[in-house]
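Consider the two complexes below, in which chain A is the common component and chain B and chain C are the respective partners.
The block that comes next holds the complex of A and B.
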């Protein structure tokens, strides 16, 4: 028993090792290792965490990685073969062609740029962009579509696939709903305001509705002030450039969302990347930055800002906020926290990772979040000190050049937020947060027990289940749809090439029956597709295998 | 055999030791010195390094202790002109309540008056009832609704192109579309008056950017020729360097149109693709509101990509790109604002569809708008101290100071007084706002005058005479 495990352990990636060591060093405990971990490391900074912080990133056996590469290899070889056949006219070219008049222009796309799309993505394209025709609640209706040319084009049959269990939408608190009583105020505001604004915040596009929403958001988060924007993506990409610029340093987590990366790039600041949620990596960058200053000019940095997310949408991990806050205080850096997935979804009353770790909102300099997910609306906010928000009101790209938020959307956020805060006179909001937590832990525990490798924090409603092999991506998603379950699958380039995965988003609106249906389907499919790669979870005595695990890591 | 070799080796060793004993002392000393010298040469560095600059841990700690960052944001003065927004109570329709005062709206880009349209509202209501508000996901992950597909289809049909793609934010449309095609090393020729969204798209693309003077085709051709000469020097590189011209149909910052027919000629002459931003011209220009291509009677297929937002004429939210499938489809995997953002709330898509219906059913609306624009353009002429900037048929005009006071800050203050004067008398206007430090070519300060079909002739005249009055009292 010990021997094969030891061998497998030898395949851990270096950074993974570090991560695990790091976990232990900082006094954070893994599942069931609680007492042990605390005793060992509680002295150093165990006090940072008020509750246990459990995160898994189990490594798959070596053969899985090998087979994954073989899978990609085979796909690539066939890709070349078919490209060759297309070039010689042996296979029909389905791809759209350049206009005759512009054939002598410089080609818009290089052939190799689209190789992956043309030859690998095209084979399993039917698993994305599936159109839905109902509210994206716990169950939705899908439009049935078929293809006559191997996914190059789709044809709708006109039928709908009814009541598919929705494990894909970010409807964490179940506010994506059509219940008329719930939407009463939204309906009213839509009637009053219409949909458009036709102006920017700074010109003629600040409505009383926006003022109301901003006050509420600030109150909800417990900060001085807040500003809201019409699109979550743009909240990052259009505000980071206002906050930092040339001569500033951005320290960004390697798995940050594209919008943060884009915002950082547009700012003109220097960007350095630290390893995902790795505090040693971050601290080293911070120290070096302050000690050595800017490259070439050797001037001191004007300011240093750390960009992190609350919950990482592809890993399901939760940011190690207490450690980051203590680092940022020690090194006088600023912290920009993107709570896109975490606001509403974690914390005892849904106030995000700040509450989850029992910290004060003042510990974070810039609190950013979106309304797309938990609030079932659209847009984003930035909240914090009055100075910060005043500055953004005058300097945010979004405030000056982009149309402001649509009023009925603002009302949806207001009603969801009021519900969460209990201002609607019920405890419904709180119940939703609790239900989400319960559903999350149940779903994760069961998957773990079944022997799947799942990533992330035990409290994170984003649940990635590792599929690894490219061939299994399509098979998994199609089989699940046959069982009337809608899942999201992701592969390269959204994930590392060997770590294709399925991602579930648990919702408070999922009933236990729905989750059980999904779990049973997964259990069956997991055997069929041989997805149960985990080497730790099959024992019925969790304590025992966790013990082994600790020894292996030491 | 091996024994013999062993014996031989031994013999050599003995001989060496013997030679060592027999050698004279000076020889040994000399050789010893030489060996030491060689060792020194081996271990010494060939050049002299600067003094070692390794910091001791203590010094490091001191440096860390010493460093003081700038504040996250500088304090904003309380009287900053952009800090205190106008607050609109109720909908920003034709009749608008700004800061508690009832006015006629000359500030919102609600050109066709669809913001308050009952049909649009009831379409949005129906959609709300069926789909709720948010989509809770990006297009790829169950964020594609049947209404999105319908809207894309309708937009493509309306514009008479093969395909259209929608974004959930107007600004993000062109800002995502440009970097989807133009990459590092590619060349973009862009009008210097291009709006901020284009500027950001270009920045994100990291391409080589060449600005030409606003609407100056000779200047553009000069740049294209320069590039042609450059290409002849390095034909291999030229074969893979994509080139684009990015222009606006109706310029947001200047209110005039681009000389599209000349641009098309240059396009084919120099083999450059044209991207056209039509946020102001879509739903405004042309007999059917198809924009600048219809205005000039140009085959829409000659334009490689058209981008526009749905936040002006259509009075919804979001934006779209349209063109041939060969081009547009690429954005479905490469448009960052498309792939990585939640999709457009269905009720907004439904509103846009209904707005398109209205546009298709009432093509005279564009004629009406044009007549009103021309009326206003005429009425605003001859105001002492203010000049009208923009085409006579542009629904968004600029009023700039005839003589600048010399400082931008003062100009802005003067214009603000004109705006306030009008606002007090029931005409809602606004200055065109810019981020002064961020703009590539900062336009002169101006008051924006927006004309919509809902404004009656009397209202237009009233506004014009009020502006005249205000200019007189403030500027003279």
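The block that comes next holds the complex of A and C.
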């Protein structure tokens, strides 16, 4: 059987090569270091990366930043006005506030975050926490809700909005489905085991399903052993304290997820932050750590561990794994890789960033991932060498105190993984991975052509589209819902205050027609709301561009 | 988005103004306050401009004329 990765590698490389040529023709210059446009890596570390690594972090023109600040300025002034009216009793207070007896204490709600929540977030709050009432597949149903008092309270009208195209769920491989044939084994296990476990792993909560699942996960990733936990967030926050403690050093990326930050803080180790995906910053921190040691005693650190993620969900960027592994080998540190978004979504056969870069899983000390994103289930895993996993089985808080994963969910992961590995006798898994890759590349290419500013790596299925101005956040989400497309918009505090964005998650279950519907709606809305800020768009001659591409997709 | 009529274009401009200054998010009475303030400031500034700019321009023009006039006389005397 032909090696599937060879075809994919050749395909991708050719695609990047073409894009590079077109950009050079249109006179866009590449810069190394600080990026204003395209960033290409492969010149200085030519031997580490087997294919080109292109990431975009384009800066918007200056007038956009000025207008964003104008918008926030007006919002802040009106925020102060409203706070004044509330304080003087001219307006009813709907918000949380202290009791009369506590007015002389240190104030609780005066910091910027509470001010922002009261005055800016409340005005556009109807775009978040929308309840859905169907499976979050490529299309879903929303419950219609209206507000009578400007988003302070909501009520449901009783109607549902049907078949809204879903661009927000982390359903990368499309395993969130309700087809009876697909869920046959899951139904069987549900009838055999029921739903609850009622015990922790160490007492009576280890079923044969868990053992089977752990062996399968280890085989899938190509490591010695793995352990599964019932909750993805808890996998990070409860296991990092078991691995590091006081006297250890954690080097964590600037944009790491809250679960990693919480786990690092709970452990009691010293935490140092390096700039996002910036290897010079990481190397400087490593050198300082080894040269100067612990802060006062100057002793060597007991352990140095680097915390990174496979795909960062707010930026869409992929970690520079080959460089990090070479740094870790040089300075003898440990690497903890959180593949929550990248497992199943990148790589030729869906095995994550380790396969994407063509590296061996032995290079990474702790491989962590979740089953919520690509497998349509719940929970997380930690995989690595047998000693590591045996240690975690006895020393992790999650293993000792948390209830284990319930059997139908474990069976869903088993069937999804068997499908991905091809053990169920079909090529459906590989087809899904390929379809996701095609959808991702098509979606990103079209958005770039239209002239939007998109962040992230060309191969990541997470696509953040920059909106910048606070007024446009609400307008964008509401108008997309009117066109029957559900999107996730993100603002402060999940992103920097001036870089609010809409985040699309491409799925293998999206058909070409659905993506075209979304892209046409985005085109229209981009023109109406003036969102096409990119100065490097390639849309000068889209027909010519189409003809010179050699990709086999239609 | 097609500019089929002037009215649509003006409406689109108004939408852009609303989005940029966050007045899209405001309640009706806040919008009234904001627009009243803006229009008042605009009217005051344009009235001030209407009153004072012609006077300023004619003063500046006279100043430069005076400067050029003086220079011309000096040059003539040296050559001769």
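Please note the rule applied: the second predicted complex is superposed on the first by the 476 of 554 C-alpha atoms of A that agree within 3 Å, B and C clash if a C-alpha of one lies under 4 Å from a C-alpha of the other, contacts with A are read in each partner's own complex, and residues count from 1 in each chain.
Just so it is clear, a contact is a pair of C-beta atoms (placed from the backbone, for glycine too) under 8 Å apart; a residue touches a chain by one contact, two chains touch by 3 or more.
Here the structure is a predicted model, which is why all the values come from computation and not from measurement.
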Chain B versus chain C as contact partner of A:197, first or second or both or neither: first
Chain B versus chain C as contact partner of A:527, first or second or both or neither: second
Per-residue touch tally on chain A - higher for chain B or for chain C: B
Which superposed partner A:329 touches (first chain B, second chain C, both, neither): neither
First, second, both or neither for A:51, with chain B first and chain C second: neither
Partner chain(s) touched by A:155 [first = chain B, second = chain C, both, neither]: neither
Residues of chain A at both interfaces, chain B in one complex, chain C in the other: none
Residues of chain A that touch chain C when the two form their complex: 67, 70-72, 74-75, 78, 81, 120, 123-124, 150, 469-472, 474-475, 524, 527-530
List of chain C residues in touch with chain A within their complex: 1, 12, 15-16, 18-27, 30, 34
Touch list for chain B against partner chain A, complex: 55, 60, 63-64, 67-76, 80, 82-83, 85-93, 96, 98, 105, 107-110, 114-117, 120-121, 124-125, 128-137, 139-146, 148-149, 168-172, 181, 195-197, 200, 203-204, 238-243, 268, 271-273, 301, 309, 311-312, 314-317, 324-327, 329-330, 332-333, 336-337, 339-342, 344-345, 347-348, 351, 428, 430-435, 438, 448
Residues of chain A touching chain B in the complex: 96-99, 101-102, 104-110, 117, 121, 128-137, 140, 143, 166, 168-171, 175-178, 180, 183, 186-187, 190-208, 211, 230-234, 237-238, 241, 243, 257-259, 262, 265-266, 287, 290-291, 300-305, 331-334, 365-366, 370-373, 375-378, 387-388, 390-395, 397-403, 406-409, 412, 486, 488
